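Okay, so chain A shows up in both of these, paired with chain B first and chain C after.
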Partner chain A sequence: MKLSRRCFLSFVVGGAAGTALSPLPWKLTDDLSIWSQNWSWTPVPPDGEYTQVNSTCTLCPGGCGIGIRKAGKRAVKIEGLAGHPVNDGGVCLLGLSGLQLLYGPARVKTPLKRTGKRGGGQWQAISWKQAIKEVTEKLKELRKKNQPQSLASIGPNGSGTVSALISRFMKAYGSSNDMKMASKLDSDEQALFLTQGIQNGMVGADVENADFILSFGCAVLDGYGSPVRMFRANSRWKENSATLIQIEPRQSNTAAKADQWLPINPGGEADLALAMANIIIKENLYNSSFVSDNCDGLNSFVQMLYENYMPEDAARRIGIDVQTIIDLAHRFATAARPLAINGYGKGQNPSNLKETLAIHALNALVGNIGKKGGITGLSAYDYIRWPKVVTDTVAAAGLKESRLDGAGTNAFPHAKSLPNRFFDKLSAGNTSIQALLVAEANPCYSMPDTAKIKRVFDSIPFIVSFSSFMDETAMMADLILPNHTFLERYEDVPVKAGLTAPIVGLCRPAVEPQWDTLDLGDALIRIAQSIGGSVGAAFPWKNYKTCLKQTLADQWKDLEKKGYWMPSQSLQADADSKNKAGGKSGRYVLMDGTLETIYMAQDAPLEGDSRSYSMLLMPYDTIRITSLQIGAPPFVMKTVPDTVLKGQDGFIEINKKEATEMGFKQGQAVIVTTPIGEARVRVHLSSGLAPGVIAMPRGLGHTAYDDYLAGKGVNINQLIGPVEDPASGLDTALGIRAKLAKA
Partner chain B sequence: MSGNVEHKSDDVNHDAKEASSADQTSMTTSGSGSYILLFFLLGLALSMVAGWVVFPKLLYTQKKQPLDFNHKLHLKEVDSDCASCHFFREDGTFSGVPALEQCLDCHYEKLGESVEETLFVEQYVDKGRQVPWLVYSRQPDCVFFSHSAHIYGANLECRTCHGDIGHSESLKPYEENRITGYSKNIWGSNIAGLKQATWDRMKMDDCAQCHETAGIHDSSVQTGRDACFVCHK
Partner chain C sequence: MKQEHTQHRSKRYGMVIDLDKCTGCGACMVACFSENNVPFKKDETDKRLSITWMKVYRIDNGRDFPNNQVCYIPRPCQHCAGQHEGHSPCVSVCPATATDYSRETGIVSQIYTRCFGCRYCMGACPYHARYFNWWDPVWPEGMEKYLSPNVSPRMRGVVEKCSFCFHRYQLARDKAYANRRKDVKEADYQTACTQACPAGAITFGDLNNPGHAVHQIVKPNDHVVKNKAGISIIGKSQNPNVFRMLERLGTNTKVYYLSSREWVRKAGDNYIADEKPEDMFAEQKKH
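What follows is the complex of A and B.
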C-alpha cells in the first residue's frame, strides 16, 4: 500500500466531516464565547445579601443624604436619598464615585513614619500604639519647654464635632494657632456680622423660590453651594420661567445655560453691584417700606454711591456699557422675587468683603432679607455644649500668646482664622512653629503659591497628618495617622452651604474599616489622654462615638433613624439671643463707619506688573474636577473633556482671536509664566473669554494620590499667589498677571 | 494518470483539453480508490471518537467539594424543606447557598462525630471562614435571574431546575469546564446537549424553551416583551 497525497487529503476530509458531526466545534464555540466574556480582569460584583445604609456625604460642604447599597459586606453603589431635605434623591458625580475613594489605591493603609527625606515618599509602617506614643512624646516635650503655642493645627472649616475637637485640643494644649481652611463662608460670615450683627452665622439663600437670579460668578451648575440642590433649583427656574443672569468674565457652563451672560472685567463685581444700587435708589425703585423700617445708614450709603459709584464710571471699569447696567438694575428691582447671590466659582475660596457687602446690599434694597426667595442670616449651630476647658498654667500662658495670623486682632477683628497670613508669616522667617497637625485639609495643594507652602512645611520640624489619602500634605508629614474615609466612620455634618434652614446630617459607617485606620476623633482623644493632665481631662470620652452620642444627646436617636436633624427654632433661639446682645439683630446695616472704610478702600492690586505680564490668569471651577482636600477619583477624571486635559497635558483657555494674532494654534504647547512660577500647558482657543484673560481649571496637577490623578495637568496654585483683602485679611486673589510664550 | 490525459488529448483541441482535465483527475484506478475511502472513513471515525469521547473527557476537570454535604439528612431535620436553608430574604431576594451564619444557627457546636462534621467545625466554624462551596448552578454574571419570580410567580418547584439534589446523601464531584470555569451541569452531562428531564441543562435555550412553552411574552420590565432584556439587563 502506498500512502499517496490523495489518501492524506481523504483522511483530512474524513476528519473534518467527523469533527463536524461531533459536538466538538459547537461546544467549543459556545465555551469560547463564554470564556471571552469572563476575562480574569473583568470586575464581578460580589454576591451576598443586599442591604442599604443611609448616611451623609462629607466630600464637599453640600451635606447630601446618600444611601450606600451593599452586597454582603461590600459597598457596591452610592445613591442620593429620596426625600432628603438637601438633595431629595439627587447625587453628584463625586458622590457617585465615592466608592473609588474607599477602595482605591491612594488610601494610607496603616500609620506611617517617614524614613527618608521629607517629601521623598519613604515610609515605615508602624502600629497605632507607637504612632500615638510618638506624637505624645513630641507634644509633651514642647509643653515641658513651656512652648505650647509652638503647636499649630490646620483643619476643616466646619461647625461639627471634628472641627470642634481639634479646637478643643489646641485650647487644652495651650495654643491659639488653630487654623481652619478659608472659604466663601468666611467672607459671608464677616459680612453677616457687619450688616445683621449675627456672629459666626451663615447666609441662607432661598434660591428655589427666586424668579430673577443675579449670579455674581457663582458656578451654579458647577458645584456652587450644595451642588445637587443648585442643580435642582436650576431645573425649577426653567420650569417656572425664572431668569438667571450670569455675571462672569468667562463663559462657564452656568453662563452658557443662563438666560443672559454678562461678561465683565475680572474683579468688577462690586462695581457692578454698587452701580446698580445707585440706579435703583436714584430711580426710587427700591423697597422703601423695607428700607425705612429695617435698614440703617441709607443716607450715607447713597452719598457714598453718588461719590464713588456712578454708573458711567463703573461701566468703564467693568467693561460693559452703561445702558446694560441700567436695564439690569430695572429688571432686578422690578422682578417679583429678585435674588443676588455671591461667591466666585464653587465658593471654595473667600470673596472680597466689599464685593460680598455690595451684593448683599442689593438684596436689602429690594427688601428680600429673611423673605421667601431672599437671603436669611442664620445663627451658628449651637448644639456642641461641652464643659469649658480647664487649662493648666502652661496652657494658660501659651494661650496668652497671640495668634500668628492676626485673626481677631484690631486689624482683622471679625476674622476667625486666616491661614494665608499664617503661612505668609512663616514664609517671612518666623520660626515659632515647632509642630503642626493637619486634618482634612490639603494646604500643600489647595493654597496659592504651593512652592512657598511646601517651603514652610519643610521648615517645620514635626508634622502630623491625619489624612485618609496619600495627598500632597501627607507627603510632607513626619507621621501619618490615617483617618477612616467617610464610608467607614461616624460624623455629624452641620450643613452651612447656603441652605435656608439649619440641618445636621449623620455620616455613619457603611462598611467595616478596610485598613488599619482610626477615626480622627478617636486619635485625638487617645493623644490627649496620653498627654494626660488637664489636656487629658478635657477629653473625658471613651471614644469618639460616645462623644458624638453625648453631644447630640436627645437628637441621637432621631439622627440614627432619620439620618438628619433639623434644629428647631427654639434651639437656635439661644444662639439668637446672644446675637441680639450685639444690638443689631433684625436690622440691616447698609452703611456705618466700618462699612464705609471697606467701600472706600482701593481693591488690592493683582500681583505682577502689567508691562511684563500682559495677560490675566484666572482659575475656574468645574464640577468635573474636585479641587479641595478630596482628589478626584478615576470615574470623575474620565468625564474631563480633552480640551481641558488630554493625556497628561492640561490646557489653558485663551481668546481665539488673540491666540491667532499671537500665532497659537489649538492644542499648541505654551509656557505660561507668572510672578510666582511657570508651567507648560497647551492652549485651548475659546470664544468665551475676553482678550487679555486666560483661564485654567482648579483641581489638576496633583503630585500625590495615585496614577489615576497624579501628573495630570498643572496645579494652578503653583502659578497664583495670595492677595490679601485688606478688609477681612482673607486671601481673595481672583487671579494673577501672566504671559504666554511658545514652548 | 498523466498517460490517460495525453491519450485523450489526441482527439480534442487545446482548449477542450484544459477544460476536461478536471474530469480526468477524478478518475482513479480501482486499487487506490478503496484506499482513499478507507482513509476517509479512518479520518471520520477518529475524529468522531475525538469529538464524542476524548473531547468531553478533556474539557472537564473534577473538583471535590470542600465538605461532603448530606442534603437528605438535613431535609429530615428541618421544618420548611429547601426554604429552611435556601430562603427568601425580606426584600424578596434569594439567599442562595447558605452563608456560615445560617449554618451556625444549628452548628454553633459540633453535632455528632462524623468526619465531615469535624472538618466543618474545625476548619470553618472555629475559624469563622465561609465554606467555599462550588455551585453547580452558578450562571455568568451577565444573567439576572429572579428566584422570586419563578417560585412565587410561576409556582415552579426547586427540582424543576435543580433536580433531586435535595434527596442526595452525598455531593457529586464538581466538574468544571476548563475553558469557561462553569459547572458541567450548565451544559448538561450529555455532550450533544440532549436532555430528558428539565433539570438536565441550564443553558439560555432552556430558559427560553420554558418561557416559550408557558406562553410568557411580556416578562421584560423594560421592553414588555420576552426577549434579551428579561435576563440580560
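What follows is the complex of A and C.
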C-alpha cells in the first residue's frame, strides 16, 4: 500500500488528536504522579505507646523544665513543662528543636581518632577501651615527666557536678590550668564580691515585680538570662503597664518592643548610669534611709561623680541630650519599683566591670537591694560536698605552678578563670601546655579572633574533645570522646541565670543512647581510675550516676519525682552566713579604694584607629540564631529572616540613610574589613541602627556541624579581637572598628 | 449532618494573638514544625519555597532612625469562614475537595491524598498561608526518628497548611469520649503554637463559647454586619484593640489580633491614607 504524504499527516494529526481527547494521557499522568508519590521515601512514622519523660533543658543556661513526648522508643516532641517554676509551659525555639540535635547528622557517633592533618576531618573510629587507654597513656606520660601543670582544660562555667568533676580531675592530676568559658556571670560575680562581699555568688533580679525596667543593652527578648522567664516577665510588664526602657545603639527585638528605645553611642552604658546617679544624688531623689543604713562610701562616690560624671559631659560622650538623661533619672528614681539590669545581649560575654558596678550602684541608690522587684546577691550553690582531693607529690608540685591566665593573682585577684588571657599567652609563644581537654565548649568558634584561637590549638600537641557534635573545636582535636546529648544522660542543672531563688533541675535520659557515646562524667571517672594512684582515688564512684545520686543524697528522690529541687532557705542561709563571716555582707559598698580605681580607669580602647576604620562593628544577639556552644539546628535556621541570611550570604546591618550616602543598595555585596580580618557580606539597610554603627549577628558562619548550618554567613568572631577589661581581666570587647567597601 | 447540628452546638475554633506581647521569637514556628512533621531543606532562605504553616512577619511603621517602630505578626492559616460558613477562598476553588470547611469546628482541613497539586487554593488565599511541596521531603539519615505518628508526612506535589493541630482535637475528643463527656475541654485542645509561646501571646479556643478565654478577649459580634461595600462581616470583634487581617475582604477569619498601637491595626487591614475604621462601616451606621 502506498502511503501518501497527505495520508500520513492526516494519520499523525488524527492520532494525536484522538489520544489527546481520550482520557489516556490524563490517566497515565495521574497514575504516574500517584505512583511516584508513593515511593517509599516518604516515611510513615511508626506508632507506639505514648509516654512522657520530664527533664531539664541544658541547651542554654536558662534551666527550663521540658517534657519529652515519646511514641514507643522514639522521642517525637519536646514541650515546655507546665507548672515548672522557671518556664511554666513556655519553651524557646532551640529547646523545641532539641530532637534534631539528638537524631541529627552532626553527632559524633563513636570515639574518633584523628588520622590526617589536624582539622582535616579524617578520622578513624576506635573503641571506648582504646580511647580511654590513649588518653590515659598520654596523661600518665606528662605526670611521669613531672609536668602535670602542662595539662589544661576548658569547660563550661557551671556549678553542677560535671563542671566540678572536671575541676576535681584537674586538681587530682596536678594542674591549676582549669579554664571555664567566661560570660556575664563572671563580671557579675566580681561586682557582687566588690559591693556586697559575696564570694562566687550570682545576681538574682526580681524582674517580674519591677515596674520600671532600665535595660542597659540586655537582650531581654532575645535570650538574656533564662530566656523563657524573661519573655514571661515582659508579658507581665505589659499586663501591669510597667515601663521597659531599652538602652542600646541598635533597635534589637527588645528595643522594638520596649516602651522607649534610647540609642546611645556604643560603650556609653557606664557613663549614662553614673550621670543618672549624679542627678539622683544631687536632686536628693535617692532612698536616703536605705543608703545611710546600708551603704558605705556615699561621700567619696558623690565626689567621684561630681568630678568625673557630670551629666553634660556624659551626654556629649554618649550622644544624647542632657534633658533626656535628667528625665530618665527622675523617672527611674521616682518609680515605685525601679530596676536596672546589665549585660550586653544574651550575656554570653562578660561586661566591663565599671559598667556592671555603675548599674548596680543605680539599684543601690534607689534602695533596690534584696527587695521585691530588686536585685539580690545570692551565694553559690553549695550542695557538692565531696571529700577533699588528696594529692600526691607530683600533683602538689604541679599545683604550685601558677595559672597561665593569671586569674587569682594580684593583678586579677577576683577572677576565677580568664580564658582570653590563657589563649593570649599561648598565642604569644608560651609552649607550656602539652595537652588540652575540652568539654561542652566551642572556643574555636565562640571566642574572638578565631584564627588566633585555631593557631593556638594547632600548637598544642594533644587535644581531647568530649563534644557530642562535630563542632569547630572537635574538628581540631586528636581524640573525640563523644558525650551523650542532654536527652540521653543524667545531669544536675543548678540554674544561675538571674533567678531570684536557687533552683536545681534534673536532666535525665528520655531515650536510650542513640550511638556509641559515653557520659562525660563516666569518661572522666574511667580516665581517672585508669591513671590510678591518687588521681583514681579522687574518683571513687562506680559511675557518674552513682556519683550524682550520692552527691544529691536526700534530694535525689525529690528530684526524680518533681524534676527540680529548690535548695531550702536553711541551706542557703548556711552558705550566706559563711560568706558574711569572711566578707562584708549585709552592707553595700558604693565606693572604696578598689572601686575608685575601677571608676577612674580609662575604658580600654576599641581595636583599630578611627581614621582608617570609620565605622564601628558590633555583634548582636538574636534568639533566632543559637550562638553558644550548640550550633543552630535546622528548624532554628529555618526561622532566620532573609534579611539576615540569603543563600550562603550573611548580611551586615547599616543605617539606611548612611548606606544611601555611601552608595550601597539593599542586598549589595560588600567587603567588611577590621584590624583582625575581612569578610564578604551583603548589606541590609536598616532604619533601626545609629549612623556609624554596623551590626552582624552572632551564631552564623560555622565551618563544622552539618550542611544545614556550615558555610552560612560569617562568624563575627573572625572579625573581632578580644579587649581586656583592666579591672577584671575578662574579655569585654563590645565591637571593633571597621570599614566597608564595595565587593 | 443536620441532625448533628441540632444535637451539638457547633464550635468555631479560633485564636487571638496579642501583638503587644509577641516578641517575634519564633517559638511558635518551631513548635509547629516539630508538631506537624514540617519538612526542611538545606537552604531555607528562599522564603517563597520555605514551608512555614506558622510564619512570623515583621512590619515597621516606615519611619527613619530613631523613630522606627516594629511589630511582629504571627500568621497561621486564618481558617476563613467566608461570606457564609464554608465559603472560604480556598475551599471554594478546590476542584478535588481536598480542602474543606468543617461546620462542626470551623476548621479548614487539608487532605493530602486528595490534593493533586493544582494550587488554585494558593492563588485564592489572601494570606499566603498555603505551601506547595515542590520536592519530596528528605530527612537526614536517622532524623526521621522524631517524626510524630499523629501527622502524616506529605509527599511531593501536594499543598499543605496549618490545621489548627486538628490531630490534637481528635485526641481531645477521644479523651472526652473516654471520660463520657460530650464536650472537649478548653485546656484539652490547644494548638502547639499556643502551648509553646513563651510570651503567652496566643489564646486559643471556641469563639462560640462565652466561657472560653478567646471569646472573652475577642467579644465577637453575634450579628452579621455589612461593610460599605456590602460585604458581610461575621464575628466582628467588639474589642477596639482587636482586628483581623484584611477584614474588609469578608473572609471572616477566625484568627484575631490584638494591638494597642493604631498603626499596627491599620496595617493589618491595609488602610488607605486618611481612612478611619468607622468609614468602613459607614453604611451600617445608617441602618
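What we mean here is this: the second predicted complex is superposed on the first by the 698 of 743 C-alpha atoms of A that agree within 3 Å, B and C clash if a C-alpha of one lies under 4 Å from a C-alpha of the other, contacts with A are read in each partner's own complex, and residues count from 1 in each chain.
Definition applied: contacts are C-beta pairs under 8 Å (C-beta built on N, C-alpha and C of every residue); 3 or more make two chains touch, one makes a residue touch a chain.
None of these values were measured; they are calculated from a predicted model.
Judged by the touch definition given at the top, the superposed model places A:Val228 against chain C, while chain B stays out of reach.
Contacts of A:Asp554 after superposition on the shared chain: neither chain B nor chain C is touched. In the superposition on chain A, the chain among chain B and chain C reaching more residues of chain A is C. By the touch criterion stated above, A:Val44 is placed in contact with chain B and with chain C alike. Using the contact criterion defined above for the overlaid structures, shared-chain residue A:Glu512 touches neither chain B nor chain C, since it reaches no partner. In the superposition on chain A, A:Leu99 makes contact with chain C only, while chain B stays out of contact range. In the superposition on chain A, contact of A:Glu307 is made with neither chain B nor chain C. Residues 30, 37-38, 44-45, 47-48 of chain A contact both chain B in one complex and chain C in the other.
Chain B contributes residues 28, 32, 35-37, 39-48, 50-52, 55-56, 59, 89, 91, 93, 95-96, 99, 140-142, 177, 179-182, 187, 191-193 to its touches with chain A in the complex.
Looking at the complex, you find that chain A touches chain C at residues 30, 33, 36-39, 41-48, 71, 74-80, 87, 89-93, 96-97, 99-100, 102-105, 221-222, 227-228, 231-232, 234-235, 238, 251, 253, 256-257, 261, 263, 514, 623-624, 634-642, 645-648, 655-657, 686-691, 706-708.
Residues of chain A that touch chain B in their complex: 1-2, 4, 6-8, 10-19, 21-24, 26-28, 30-32, 34-35, 37-38, 44-45, 47-50. Residue ranges on chain C touching chain A, taken from their complex, read 18, 20-21, 23-27, 29-31, 33-35, 37, 40, 42-47, 50, 52, 56, 58, 60, 63-66, 68-71, 116-117, 136-149, 152-158, 195-201.
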